[in-house]
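Multiple structures follow.
One chain, subunit A, links the two complexes that follow: it is found with subunit B in the first and with subunit C in the second.
So, the complex of A and B:
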């Protein structure tokens, strides 16, 4: 069913402007970018050319119907396990494609997170932090954009195919996401209404006026405002990067004839073009009713496209430098309710990583026999994000500032799961 | 069929897991039911339930009775059961991709002790002392004969959702999660015809006309994220060659252009009114003139009565507050029985669509879970329904 678009689906240029103008109007100026202590590191990391693709399963994909099956147990459900290309590792029969890519994956079967609702879970699994009114923590895409992105590029450093997440928070709007439409195309209102020459003249005039305005005022918001316009203008120079119909015609069979397939292919092409972080969203996993039919419907096209993405990245020589993260905001309950559904669950669930910086063919952690609790090697959201940042070459202790308050990238007390990292 | 103050006679415990299907085998006292673990049990009920005092009758649940046979072989959940009219042959379809044919009277391959009332024992033991608790929980189970299937039909490579049988028991239709439907000759155990619907849809319901010449299939595709996939279909087919006889959905939605049909999103608003979350149950009337189909899912479970000749919807029965699960006709063609997620079994008059009886109470009463399957005894005196809590309820229609 078609859902109404959200404001975030509209072009991010607007969001950038809004952020900039708010600050210009006298709002408390955060230290966007944490310029004091982390720019040097950002420059160093950028040299490594790391990328990240987040496959986001909105609603909460079931661990029991993917990577942590409990066949024969009361919590098991009707699906059966299949073997993979890694001896001893088994996954759900719904994932034959990923079963053959298991040697590229690290599966974490011992996630223990804190937020059981969608809103809180989406925030914490995008930022690694629990939501608090005092600090607007940046989401992972913004952090990767800052430390791995190329500010000189005409392409945005952080692209979402779909909407939602935590926002760039204290990093400032220049690291916020640029949202493509559901099919991976540019939003309709992203195109300039003017010929290039006229657009350039307008751009120069705007900069002139703003520079005059900035002479006696704080320069940061003005700079952000100008940057926002400049990036939106420059985006029009690379519109062809988003015209992927011909590419899709060639890749359709590999990725599967599905919208998620097209989104994954788009992510691969954007990473190839230099985008630091792409989030691909697959929605509607919140199966409080008809969980098994729901997963039977949604998982196969997703996993087929995911397997094709890994293959594609590898074939193009990008997989070693691209971390592919597969997760949603929550797991699902061991108990099957009387709607044949599974409810929200965060005591024990699964995520998976592949590609740059992480080992392949590894299953980390374990849940108990019914999947009720973590049996060993618990991984929290803080641990997961610290591990992801480390895999991308970013020190998770790196600080940015909320006003004068230093905020590390990953939650206090986190543990980098070194067993996962190469 | 005569309905006068229906009364529940039995409540058979089958608590291993969700009971998915129930059928009468020949008479009104032999019943088979299958569940999501792949178990099938057969009960031989005595003519009368054990005597109860008036006070007991008022306070207690209807009596249980132990099964006598277990049909072994399926390795995953049972989706459907069908029986020949003489009750000697039982056919089961499962999520293990197989159809199994059973001679219900075949010699037993062995015996086994089974516990089918575990939850009941746990409930009874809750307030007891530890000694009594131990005694209740470890009470001996029931001895059942185990029986193996006589034939296994293999032709599907996915979950078999649907199964239908002709009146003479000579033909069978089965449909799976790859949109494949197969018509089988039960005498030779060979395929007569097969066809595929749309890619990525599941054959959620299938039924054969009494003469076995016409088949109905209801398809539904949960893969909403796919391009160009019609999300649901309803069709009549020629069983001899698998050719399409009537595209019912096209007939029911004449204003929808063909190109719109291939877009799940824009088509959704049109077909959802007719098909809900797919037509998950279907049955031909014994005279073959009317087809009953029921909307599944968590929306309203409308039952459409369709004229088989023209394909037109004769009337729509509205009563189930949630999706329908099963539908069947009485053998005199006068009544349609339906069961649903709202925990009810409803009986409707075919002639005018009037609801004449509701055998259970809606959600909130003692029935907690969907009535997943309903069956009428060949002599039209008894009705059985299987619920997902693991109980098989048996009613006598005329008390």
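So, the complex of A and C:
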């Protein structure tokens, strides 16, 4: 069992001194907490080269048509179970690819979350917290960007493919998501509108202006502003990382010729290039009607690409350091409604993890015979996020501040599910 | 039997980028407008009054000198060397932005820099405080205090009424005591009077309203006490619910006629807050005890006995103004909060105004005046608070004293890295708001004139088309949770490749056209460029560098645009310093 590094161990003497001086100068006792939250602090947290890919199932994928089948029960639905490469573990017949990757997967079949609508669920399954007016909680991507991202990289640390919104909240726009378009291309305004020569010319002129101002001023905002400018500009050096047509031609057969396949491949290439967090969105699973037809259409391309993603990451030696999270904002009702649909349900549903930091071939938790309630090992959103952060080598108790209020990464009272961690 | 208004937390959706407001203030921004002509009568009276006060007590120290004395003492005590006094050019830009929310125009900057008078800074401050743009900018600032960038819907995205009302409070220099009370009394409707909008955002969320009122008006943070007794402050849950009881009877009523969304705040005669103990011990169906209104840290509210037959409708009917209650709890709250004897009210606003102009509060953050959050200059805060009460909460006067004080007028130079230096030994760095940035860019580039020359007369402050569209998204909240600037990449995509380029227009009357048509030597034109955008003369090195850049062979069109762009996007422009 790997022991976690607590942020404190990595605060060096100079930093402590600097923090102490700031406190003395600031005259505000409350600021001592700020030391554990400063940018410098984040840099001092050991970078272990961890990455995370979130496969986000917008709308809420059904647990009954994936990992928690209730064959023969009134809540079961029409699909059959198939065996997997892990003895005893069975999944839905819609997922033959994933069935052969079961040895890489930890499935949690005992999710119990709090937000039953899409808005609240999307928020709480991205932040691990319930929305409140007073605190802007950061998304998991921003947190991973802050604690696992490489500040020196030319690439953004937190990328979303096919979704926008959310954000870094109290961590600040520095850790905000960088949204690619639905096919994984760069946003339009990220490209210089000028020929290279002219771009360089204006860059030099701007640098001259910037240096004139900075030569006898040391205020931090000048540095932060300049660094962000440089990052935006450096993206131009790595534009080719996002030009993946040739890669796609090679990988198309593995990932399946689908949009979700292309997004997952893009995620794999970006992680390989050093990006800390990539969210890939697949939509829309909200089948209040025709649930089975719907899942029959959406699950196969997604699970095929997902299996290919795990295969690809493993082949490139990335799987041990890349945690792949599979979840949506809600689960679906055991009861099948009169439109052959399933409605929103959060009392008992499923998520899955694979790769870096978690055991493979494990099914954790259990629902009761009809999938109405969690039978054992309940996992809340707080527990799940704490477990994910721990798997990534980040202490979930690490605090950031909303004003004077300390906010830990994972919700108060969380439980790290140690049983599923390596 | 007393009906019970049960309080519960209502999830609020954050609605992004919808707070568009229009004030018919565009005219005020016209560079040709002489601000001096606009000194209004209340202001003159205030000046006379201040002079009288000062002349009647010749020995009394002006607040600006008190400020300097206390800050200076702290420098000495802590062995801190302050930065030198700032240059005229840095001062003129700083004070225009802080008071009017926009940089000075070329003409305004030149007029100030060329003025040889020894009291020109004081005079400029006086002029700017009388400028109608003062109220417009202060309403932008205070609107953010009350609503933030993403208010929770319920029509709060359209709050021109509230903002225009705020603007008038500042321009007519109404006492803060009066207008803060007006917000809490919330009389009238959201369109004509504007004020009720404050409570509209807390529709069905009385606990949130309680939290906001104590934090914004009193600098006391009670959010911890909402669910459990405060861990390191004296507040208990009963303090929280005692305050919540004052606003628990409020109800948002739609009083709109036809399509215009208009709200008023109704108050019921009956109804109590129920207290059920710590949140962690709550159980489903738990009843709870009613809590009587109690002033924070003070007495229980004495309420008259109501007639036995008093009844409330379940909901106030929409379409007509709700009746006044027999006894208004909220009015009692407004009276207590804005009383000169209130231990928090004056201190909180003095500290907030100081923070607005000096980068951080004497107690920082400005909305947390808890005993555990000590003041850096406690005596100064007491002195400011006392004087402000003596001046009947005249914020304009307080602002005038602060910006005329030496600590406000220090340079931004030096090796101190802090955004907001702890002992105020150097000017702070404040990122310009989205509104300030756009208005300043428009002014610098002469984009107003370009639009007007092409026959598109803007209908409101930000009616400039595409350049405004993404501004609030990329520049709307540039700080992290504790007030540090954290510009992201998207900000620079906008600056490098986005709609900002539209402002550097070649149209008639714009800066580009003026400079490219001018026949003066490039050195002179570079000077005009610097004065137009950065409000200062270039130094010889800059003149030479820019003149060479512009004089070089070929592509003058792009070279000139690059020169304008570089000055519009650099750190010197991005911050007020």
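The rule we apply is simple: the second predicted complex is superposed on the first by the 340 of 422 C-alpha atoms of A that agree within 3 Å, B and C clash if a C-alpha of one lies under 4 Å from a C-alpha of the other, contacts with A are read in each partner's own complex, and residues count from 1 in each chain.
In this text, contacts are C-beta pairs under 8 Å (C-beta built on N, C-alpha and C of every residue); 3 or more make two chains touch, one makes a residue touch a chain.
Note that the structure is predicted; figures quoted are calculated from it, not measured.
J.: When both complexes are superposed, which of subunit B and subunit C contacts more residues belonging to subunit A?
T.: Here the partner covering more residues of subunit A is C.
J.: Of the partners subunit B and subunit C, which touch A:147 in the superposed model: first, second, both, neither?
T.: In the superposed model, A:147 contacts neither subunit B nor subunit C.
J.: In the superposed arrangement, does A:232 touch subunit B (first), subunit C (second), both or neither?
T.: After superposition on chain A, A:232 lies in contact with subunit C alone.
J.: Determine, under the contact definition given at the top, whether A:301 touches first (subunit B), second (subunit C), both, or neither.
T.: After superposition on chain A, A:301 lies in contact with subunit B alone.
J.: By the touch definition at the top of the document, which applies to A:258: first (subunit B), second (subunit C), both, or neither?
T.: In the superposition, A:258 contacts subunit B only.
J.: Which partner does A:282 reach: the first (subunit B), the second (subunit C), both, or neither?
T.: Only subunit B; A:282 stays clear of subunit C.
J.: Per the contact definition in the header, classify A:78: touching subunit B only (first), subunit C only (second), both, or neither.
T.: A:78 sits against subunit B, while subunit C stays out of touch.
J.: If you stack the two complexes on chain A, which partner ends up touching A:192: first (subunit B), second (subunit C), both, or neither?
T.: second
J.: So which positions on subunit A get touched by both subunit B and subunit C?
T.: none
J.: Taking the touch rule as given, give the residues of subunit C at its contact with subunit A in the complex, in rising order.
T.: Where subunit C meets subunit A, its residues are 9, 11-14, 78, 80, 152, 205, 208, 211, 221, 223-224, 363-365, 367-368, 370, 372-376, 412-419, 421-423, 426, 429, 431, 477-482, 484-498, 501, 539, 541-542, 545-546, 549, 555, 558-559, 562-563, 565-567, 569-572, 574-575, 577.
J.: Which of the residues in subunit B end up touching subunit A in this complex?
T.: Per the touch definition, subunit B meets subunit A at residues 17-18, 36, 76-77, 95, 159, 177, 221-228, 265-266, 268, 277, 297-298, 341, 368-370, 388-389.
J.: Subunit C touches which residues of subunit A in the complex?
T.: Of all residues in subunit A, those touching subunit C are 22, 24-30, 34, 37, 119-120, 130-134, 136, 156, 169-176, 178, 187, 189-194, 198, 201-202, 205-206, 208-210, 212-214, 216-222, 224-226, 228-229, 231-233, 235, 400-405, 407.
J.: Once bound in the complex, which stretches of subunit A touch subunit B?
T.: The touching residues are 1-2, 74, 78, 80, 257-260, 262, 282, 284, 289-290, 293-294, 296-298, 300-302, 338-340.
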